[in-house]
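Just below sit the structures, each encoded as C-alpha cells.
Look at the two complexes coming up: subunit A is in both, with subunit B in one and subunit C in the other.
Right, the complex of A and B next:
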C-alpha cells in the first residue's frame, strides 16, 4: 500500500517537466506583477501631480469601463454565457446607491449594498434563465434588462440630482481613487478566480457543458458563481457611476448602450482574456473622446461598424492580433538564424 | 365594464402588430437559424418610409405599403449580402451567437443613422379617418386599428399560401427543416436565405406602417419592438409561423389585463413574466413542435 502511495507521489516525467516549466514562467510572472504594481502606483500618483480635470476624468472613465468590460467578460468570455442584459446590473447598482446614499446611508455602506443587490437579483433570475442555453439565455437577459429600463422610466421619470450640500463638497479625487481601486480589485478577482479550481470548472462549462457535467462539474452552481461575481462588480461599477455623475435620468444606466459598451470593450481587447478589457477600455475611451471632439454625434455609428468588423474578421481582438504578430516575428527570427547558421 | 372591454380590444389590436412583427423574426430564425436583433430597426425604418410618403407626397399609409415593403425587401437583401451572408458559414450555435452580436451592432448603427437623418422627434400619421370608427355597445373600434387585425390575418394567410403552394415557399420550408438535405435535392439555399431575409424585412415594413398610424415612431423604438417580437416567437415556439399571430394576440391581451390590474406603468413586466415562464415550463413554445 505504502509503495503505491509513494509511487503516486513520485512526479511522472511530464509532470516534472511541467513543474520546471512553471518555475521558468514564474520569473516572468514576478516581472509582470512588478509592472502591474508600478502602473497602479503611477495611476495612484496622478491626482497628486496634476489637478487637470480632463486627465482625471479620462482616466476615471477608463477605470470604470475596465470594470464594466471585465465584469461582462467574467460571465460571457470565461463562462461562455453571452448576456445581453449587462446594463441592468449596472443600473441596479446605480439605483441602489442613489436611493440609499440620498436616503442618509453613508456612502461606503451604500457602495457595498450596490454590489450585493444586483448579485442577489441576478442569482434569483439566474436560476430559471440558466435553464436556457445559448441564444435563449441572451434573449432572456436582453428582455429582462429592457423591461427593467422601461419600468424604471415609467416609475421614476424625474432627473436624479446630487443634493446641493453634496454638490458643494464635490471633489474629483475620491471618485478617481474609488474607480482605480475598483478596477484593480476586479482585475485581481478575475485573475484569482480563473487560476482556481472553481475557475477551471467554469472554463470547462464554456467549452462543453455536457462533457463538463459528465466529468463531474455541475453546470448550474458554476454558471451561477460566474453570474454572481459578474453582477457584483457590474453593480459596483454602477455605484461608482452614481457617485461620479452629477445628474442623470434614473433609467439612463439601464440603457442597452452600457451593455453594448461592455461588449465592444471586451471584443476589441479580446474575449475571454484577462488583459482584453483593459486594452479595450483604453482604446474605447481614447477613440470615443477623440471622436466626440470632431464627429460630435456619429461615434455610436462608428463603434457599431467597428464592432461588427471585429466580430466578423478579428473575433480574437487586440490580444489575438498581438500573439499572432509575436508568433510571426518569432518564426521569422527563427528561420532567419537558421539560414544564417546554415550559411556558416 | 365597458372600460375593461375597451382595454382588452385595444390589447388585441396592438397584439396583431406584435404578430406581424414576430412573423418576420420567426422566419429568419426558423429558416436561417439566425437571430436578427435589428428586426425592430427594420420596422422603424419601414415606419419612416410610410411616414415620409404620407408627409411629403400625401400617400395613404396603407397604400404606402406597396412601396415600403419592396423597398425594405431591397434593404434586407443588401444587409444580407453585406453582413449576414458571412455568418451563414458558421455552425448552428456559433451562427446564432454571431448573428446576435452583429445585429446588436447593427441596432446601434441604424438607430444612430435614423437619428441623424430624421431627428429624435416622435412622429405619427393623422389620416382623415384616424379617429373614426365603429361603436359597439359603447366600445370604440377605430377603423385603423381594425385594419391592423385584418392585415395581420391577411399576412399570415398570404404567408401560409406562399410557403405551402409555391416552389420558393416549399424551398424555404425545406431549408428550415434540414438545409443539408435541401441542398441535396437541388434547392439553392443561398437564394432561399436571401429571399427569406428580404421577406422578413418587408414584413417589418408592414408592421412599421401600422406602428406609425396607431402609435408613435421615433429612432429609438426598435429594441422595444424586437423584444415584443422575441417574446411572441418564444410564446409561439420556433418553427411555428402559424402560431405566431395567435401568440401575438395573446401577448397583447395579456398586457392589457396586467395594465388593468397593476397599472399601466407595469404592463411591460407582464410580457417578461410570460416569457420567462414559457421558457422554463415549455421551452418549445405553446404552438411549437416538441
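Right, the complex of A and C next:
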C-alpha cells in the first residue's frame, strides 16, 4: 500500500503532470490545425487553377465519400451501432432534394431539408430498432432499408428525370465547392463531438453498454444522438449527390451499395478514427476510378482482394501505417539517444 | 485527498444513529421458474460496511443487479435516501449516488484509463463542467488507486490487479454515496488481496458506504461492521461478524466447521 499512501501526500503531482501533458498535446494540435487549413485552402484553389472535369469529378467524389464514410463511422465506429441501413438515409436525402428542388424550392432550402428529413425519420425508427443489439441491429437496419428501397422502386416511376433547363445551366464548380464545404463541416462536427463530454458517453456505450450505464450513461439518448447526427450528414451527402447527378433513377441512391461503400471506406481507412474515412475515401475513389477505366469487368474482384489484403496487413485500417511509423520513429529515436548517452 | 470523493462531510462517529441510506423491502427476483432472490430485506446505514456472503448461486450478484437497477424487480421495493428508486434505470441510480463494480471487471477496452475514469466524472452524481475538468478529476482519482502514471495508456492489456483498480476508480469517479463491490478480491494473490483490502479501508475512511460481496470470508469479517448471509435466494442470517460466524445455519450452509471459505 506504500504507493497509495505516498501519493496521498503529494497532491500537486497529478496537477503538474496534467498541465505538462496538455502543453505537449496542444503544440501537436496547433500543427495539425495548420495542416488541415492548408489542405482546405489548396482544395478550394483547385477550380481556380484548372477546369479539367476529370480532376474536379475525382475530387468531388472523394469529398462525397468522406461524408458518406464519416457519417457511417459516427454511428458504427464511434457509437458501436453497426447499421447496414445507411443507404436509406443517403437515399432519403437525395429524394428530398429531388422532390423539392425539381419542384421549384431554392436549392439551399432543399439541401437543409435533406439533412433534417433523414434525421427525423431515423430518430423515429431508431427508438424501436435500438432495442436490438449486435448482429440483430445490423440485420434489422438492412431489412428496413431494403423495404424502403423496394417501396420507392415500386411507387415512383422508373425514369431518370431530365430537367432540361437544369442540364443546360449545369456547372461543376458549385458542386465541387458544396462537397468540399460539406466534407469539412462533417470532419469538424465529428471532431467536436468526440472532443466533447457527450462524445465520451457515446464511446462508453460502444465499449460496454452495461458498464456505461453503471457509470451513469443513459444508453438510448446517446445512441439516438449518434444516429441523428449520422443521418443528418448522410442526408446532406445524398442531397449533394442529387445536386451533382441530376439525372438518375429515384431508386438508385437507396441501393445497398452505398451502405457497403461507406463500410468499406471506413474499414479500409480505420474504423472509429477521425481520419480513417478520409484515407479510406481517397484510396477507394482512386482505386475504383483507375480500375473502372482499365479493367471494366474485373474491378469488383480486384477491389475485393485489395480490401482483404489491407484489412489483413493493417487490421486497424490505413491509419495503422501512421501509428506504426510513429512508433518505429519513437523507438529509433529512443535507442539513438540511449546509445549516445551510453557512448559518453 | 480521499475527501475529494465526497463533497458532504458526515460525522464519522458511529453509524448507530446515522441515517438509513439504502433499504430493500421484500425484494424478489424470478428467472423463469427459478427464484434467484426471495423476499430479502436489507438495509445499510450511512458510513457502514456491510458484508454480503453466501455460497455460489445464493443470489448475491442478483441482489446487486436489483439494487443498481440492472434487473427489473418482480416483487418488493427499494429505497435510497428515503426515495423510492424501484423504477429507476441503472444510469439514473448512478446519478443518485449508487455505484458498483462488476464481478468480472469490465473496463472500456479501447479507451485510455483517463477516459475510462472521465466517463464517471462527466456522468456521475456531480457532473464535470467540461472535458478538461473531467480529465483533471480523473487524474486525481487514478492517483488515489495508484494508476496515475498510466493515464494515457489504453485499458486493454492491464494486469488483473490494475483492472480492478481501474474498475474501482471508474466507480469512485461518479462520487457515490453507496458503493457495491462484487468479489473485488477474487483472483488476486495474497499480497494483492492485502493491497486491495487497504484500498477498501481507505474508502471507509472517506466515509463511503459499502456493500461487499466476497468469498474470502476472513477478509469480509475483518472489514465489515455487519454481515448478511444469503442462501438459495433467502436471507438466513444477519449480525456482527462474530454472531454470523457462530450461527448454526450459516455454518451448515456455507462456512463449514472451520472458518474456511469456498472458492
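The rule we apply is simple: the second predicted complex is superposed on the first by the 305 of 344 C-alpha atoms of A that agree within 3 Å, B and C clash if a C-alpha of one lies under 4 Å from a C-alpha of the other, contacts with A are read in each partner's own complex, and residues count from 1 in each chain.
Methods note: a residue touches a chain if its C-beta (ideal position, glycine included) is under 8 Å from a C-beta of that chain, and two chains touch if they have at least 3 such contacts.
For clarity, every value in this text was computed on a predicted model and none was experimentally measured.
Applying the stated contact rule after C-alpha superposition, one finds that A:193 touches neither subunit B nor subunit C.
Legend: residue contacts after superposition of the two complexes on their common chain; A:135 is shown touching subunit B, with no touch to subunit C.
In the superposition on chain A, A:58 contacts neither subunit B nor subunit C.
Residue contacts after overlaying the shared chain place A:204 against subunit C, while subunit B stays out of touching range.
Shared-chain residue A:275: touches no atom of subunit B or subunit C. By the touch criterion defined above, A:151 lies against subunit B but remains apart from subunit C after alignment on the C-alpha atoms of chain A. Contact with neither subunit B nor subunit C is seen for A:40 once the two complexes are overlaid on the shared chain.
By the touch criterion stated above, A:256 is placed in contact with subunit B alone, subunit C being left untouched. Shared interface residues of subunit A, touching subunit B in one complex and subunit C in the other, do not exist.
For subunit C in complex with subunit A, the touching residues are 1-2, 68, 70, 89-92, 94-95, 99-100, 102, 106-111, 115, 118-120, 122-125, 128, 130-131, 134-136, 139-140, 142-146, 148, 151-152, 170-171, 173-174, 194-195, 198-199, 202.
Contact residues on subunit B toward subunit A in their complex (touch as defined above): 35, 37, 83, 86-87, 93, 96-98, 100-102, 104-109, 111-113, 115-116, 223-224, 227, 230-231, 234, 264-266, 268-269, 271-272, 275-276, 279-280, 283. If you check the complex, the residues on subunit A that touch subunit C are 1, 3-4, 7-8, 11, 13-15, 17-18, 21, 195-197, 200-201, 203-204, 207-208, 210-219, 272. For subunit A in complex with subunit B, the touching residues are 82, 84, 125, 128-129, 131-132, 134-136, 138-140, 142-144, 146-147, 150-151, 154-155, 256-257, 260, 263, 267, 297-298, 300-301, 303-305, 307-308, 311-312.
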